[in-house]
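Just below sit the structures, each encoded as structure tokens.
You will see two complexes here that share subunit A, one where it goes with subunit B and one where it goes with subunit C.
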Partner chain A sequence: MKVFKPQNIFLAVVFVILYLPIIYLIVYSFNKGEYMTGWGGFSFKHYGELFSDNRMIEIVIDTMIVAFLSSLIATIIGTIGAFWVYQSKNKPANSLLYLNSVLMVSPDVIIGASFLILFTAVGISLGFTSVLLSHIAFSIPIVVLMVLPKLKEMPRTLVEASADLGATNYQTLSNVIIPYIQPGIAAGFFMALTYSLDDFAVTFFVTGNGFSTIAVEIYSRARQGISLEINALSTMMFIVSLILVAVYYFISNNNSKKTRGAR
Partner chain B sequence: MSQPIIELKNVSLNYNDVRVLHNVDMEIEQGKFYTLLGPSGSGKSTILSLISGRLFPTEGDVFIDGKNVSNLPANKRQVNTVFQNYNLFPNMNVYENVAYGPNLKKLPKARVDELVKQMLSLVRLDEFIDREISELSGGQQQRVAIARALANEPKVLLLDEPLSALDYKLRKEMQYELREIQQRLGITFIFVTHDQEEALAMSDWIFVMQDGRIEQNGTPVDIYDEPINHFVADFIGEANIVDGVMKEDYLVNFAGKDFKNVDAGMRPNERVEVVIRPEDLDIVAPAKGKLQVTIDDQSFRGDFYEITAIDDYGNEWAVQETNPAKIGQRRGLNFDPEDIHIMRLAETEEEFDARIESYED
Partner chain C sequence: MSAKKLFYTIPYAVWLALFVIVPLILLVFQALTNQSGHFTFDNFAAYLSSGTYLRMTINSVLYAFLITAITLLISYPTAYFLTQLKHHSFWILIIILPTWINLLLKAYAFIGLLSKDGTVNSFIQLLGAAPQQLLFTNASFILVSSYIEIPFMILPIYNALTEIDPNLIQASRDLGANSWTTLKKVIFPLSLSGVKTGIQAVFIPSLSLFMITRLIGGNRVITLGTAIEEHFLSTQNWHMGSTIGVVLVLAMFITMYLTRDNKKKGGRR
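What follows is the complex of A and B.
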């Protein structure tokens, strides 16, 4: 086997460039010194600092709650929306789909700014609620985009077969349709989760006093010079992301094994 | 006569303002194997959809067991369908697929188990009960689809071109098996196909369809031997169809000669179409033949030679012979009076049946 083919080397270089800063950051999270310059020996002290930093722990938990809740609600709304687009054959549904795509590509800054205007106009106080609402809002298009192709891929005759065997619409939905599109729903949920976890721009606009997420907190702390506590936090977030990716990979792999060639 | 299990009364269907089914009347009896036969777009699958409840008639009524079900949705009808593309549920294994219907009916677990095992053994898939659908071949998936539909214990099983995705050998095998399953269970099968060979081999009764109308219905032998019109004669098997004149009862003129035949009941000198099947024609010495022809072409078909011959009036005759002929040779064609079938132009099925009855008893 030839490993040193040009394309392999290129790939390796790209991956090194992409991952080197992260590895650099992770390595320095174990530094005994206070800065990212000069290795002073191995230590867990920054992790200790992190876990004794109550404000940080609170923010991490808040971030998790927002991410989980927003992606859960967005998954439910987005899936229903995908059904609606799938079912209706008329124009409005299709133009809605275009609007959906516009939301996906428009810059976060603009979405964030517009939410800020909306929330202040309507009189919703900035904080947990506003962050949650905006996260739900920008996650819905992602879910629709993940669920709709699965629905379109499903043969309509599968629904007919279920009805033919005596199933009511509800039974067909829960026994046949939901299991069929479930990989799309899971993908949508996990995508929404990651988007919510690492969103900075939108959250930055709509968060108020006393409520913050990891991304916003890191940004504000970084302006005062990065303490290695941030490195420790980033390392842990990176590991969480890795686990999420692994879980997602496992789910989708498992499903494709089941559905392959079954028609 | 006992009450038909399914009855279509004057059923018409519009699809996007286009009439796809015209005044169809149909009676289906208990325990027989029916086939709806026709080219694609002839409305045969549409009729199946009307019976199963996937479509509802624009006009007319559908009866199942004497009850008008015209507006009853599919899940409330006691008929089940085997689909062309199987439509097995990919998220369930073989057992769960077959148990789907019985479970919806909330039958006790022991009864569901029994039904699933019984149906799987009927389609000879006992061993596959715990397999995933993706692990099965096309033929096996088709069997599971049949077992799944039968597990619901329908009064009528509808089969929508279930064999068309299978290869030739497997198709033959499944034809035989389907027929056997039908006879063993004694329930009614309504089978849709565009394959006339399949229809002739399997059915008790065939409905031949074209353009949303039933052209003719009858036993396979009736339809093959006495097609009512050009379309049916041409669609079922191969046929030589030439123009002729019915001079009087039992005497027809075509290809410049008079021939004795066995049809009657037309007006004297009525213009008709004459049908002779290729396998009824024999190639003989020119002097012994009723028609003199020149051999034009021949092709080898494995179990016979398909020979094309042209008579002196320019009519082409397809002949099936076990022995080859020489192209360009002058030969005779021989046939019996019973081999000649006469079709009147634009005769309806009722008129046809009435006329046959008037002289056949």
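What follows is the complex of A and C.
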């Protein structure tokens, strides 16, 4: 009875609106016909087209390589950056954090355009390298923001105890600090991964002619009209997003459980 | 100690310098030079004296304003009703899940829905009306942009609402306020910081989403973002593109200033 309160109906409508376009895409990926109207029967043929489309497979692999490499490098640099912000306890830390968030609040077109000017000025040719560098660059701030709270919450006594017990700086870092902040690093890595996979605008600016990522390819194909191969691709990407979300929430849930247990 | 500090500093400092500070300087430099590399204010003069550029800017701000207003109108009640659900932390997850799906795919879905022989038009024909031009209109651009931005508005409002001390709401009820008065006088003012964050998260991207204007708005809608993209990638006039870029950055700062958090002011009382 209580389920049919007007506010729940409002919520239900919002949920339906949010998911309708996505479900619509997925349903039509199984259409026998060629368009997103009319139902010609159930078929996997567009998945067949997708898997025999060598150009698309190459782009998917390139996108994965860029995403993985950029998140890995961004995680390393971002973690180092978080240490720096953490160590500079006084005023500079705030201005550092302010600079850190510039790339998070800037509109994508500004990042894309200014990186394009940068790469041209420095003489880096547009393609894989420029896309990889850009993805590393815009993923670093999120890693810093994910690792920093873990560093701040780490008890000072832990580090002091390690030093008292005769550990070298390196041993303290690798055996005490890194394991403690590791959940933050993992969360940062996954956020960087999704940033990279999700980006269109910045890549579009710095990609040049030869190199393409999934988002850029979808854009250029979508401008030519409907192709249900893209629907098939979006279904696959939807599943990947679901897995990433599940992994991310598994990590963050584990985090909060561990902190709760430690207390 | 200093060697250790140096190790911390180098990679991150290089990133800060090369990818945060230098690109912004280069953008401003491009905006302040002409084709032969001489320092000039001509680009800004051209921008300010051109009816086309100014009209485009005003239109872009108007569109962003409309998109923000529509998004807010839908998101506030959604966030509010969500907090009253039993498992609201699960439901908010369901709300933000679509943001993990590539924006291009969502725009692409709307091409299928709104095109001349798309699903919405077949439905209209089923009702006996003539098919309409839905895609490549101003309305379709606003619709799709609002659709994409809604979760980004709901999330900060939801966060602000869940941070409200339930005792305050209880106190308001005990003092005889009905639920509408409580909402108006207690809950809404306390959730204002979330609303402001939401406006920032929606308004600024709405000024710059060039892929939506291209795919859904056709070439009818030109926002600041579209203009920048066009100058950089089509007409190759980087100087003018950078000038519009500087205008967009200014618009961003103004938005952030207008929607800044006033919490400190309140604390002083």
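Some notes on this structure:
Everything that follows uses one rule, which is that the second predicted complex is superposed on the first by the 243 of 263 C-alpha atoms of A that agree within 3 Å, B and C clash if a C-alpha of one lies under 4 Å from a C-alpha of the other, contacts with A are read in each partner's own complex, and residues count from 1 in each chain.
One rule holds for everything that comes next: a contact is a pair of C-beta atoms (placed from the backbone, for glycine too) under 8 Å apart; a residue touches a chain by one contact, two chains touch by 3 or more.
Every value quoted in this text rests on a predicted model; they were computed, and no experiment measured them.
With the two structures aligned on subunit A, subunit B fits next to subunit C without clashing. Using the contact criterion defined above for the overlaid structures, shared-chain residue A:Leu116 touches subunit C, although it does not reach subunit B. Contact with neither subunit B nor subunit C is seen for A:Met104 once the two complexes are overlaid on the shared chain. Of the two partner chains placed around the shared chain by superposition, neither subunit B nor subunit C is touched by A:Ala12.
Once the two complexes are laid over each other on the shared chain, residue contacts for A:Arg223 go to subunit C alone; subunit B is not touched. Judged by the number of subunit A residues each one touches, C leads among subunit B and subunit C. Of the two partner chains placed by the overlay, neither subunit B nor subunit C lies in contact with A:Ile243.
Shared-chain residue A:Ile65: touches no atom of subunit B or subunit C. Judged by the touch definition given at the top, the superposed model places A:Ile57 against neither subunit B nor subunit C. Of the two partner chains placed by superposition, only subunit B is touched by A:Ala163; subunit C is not. Note on the composite model: angle subunit B-subunit A-subunit C, taken at the C-alpha centres, equals 100°, rounded to the nearest 10. The least CA distance from subunit B to subunit C in the superposed model is 13 Å. The contact sets of subunit A with subunit B and with subunit C never meet.
Subunit A meets subunit C in the complex at residues 7-8, 10-11, 14-15, 17-19, 21-22, 24-25, 28, 35-38, 76-78, 80-81, 83-84, 87, 96, 99-100, 102-103, 105-118, 121, 133, 136-137, 140, 169, 194, 197-198, 200-201, 204-205, 214-215, 218-219, 222-223, 225-226, 230, 234, 237-238, 241-242, 244-245, 249. Of all the residues in subunit C, the ones that touch subunit A in their complex are 4-5, 7-9, 11-13, 15-16, 18-24, 26-27, 30, 74, 77-78, 81-82, 84-85, 91, 93-95, 97-98, 100-113, 115, 117-119, 122, 147, 150-151, 200, 204-205, 207-208, 210-211, 214-215, 224-225, 228-229, 232-233, 238, 241-242, 245, 248-249, 252, 256. Subunit A meets subunit B in the complex at residues 155, 157-158, 160-168, 171, 175-176, 179-180, 182, 257-263.
Chain contact summary for the complex, subunit B toward subunit A: residues 52-54, 73-76, 80-81, 83, 85-91, 100-101, 104-105, 132-134, 148-149, 152.
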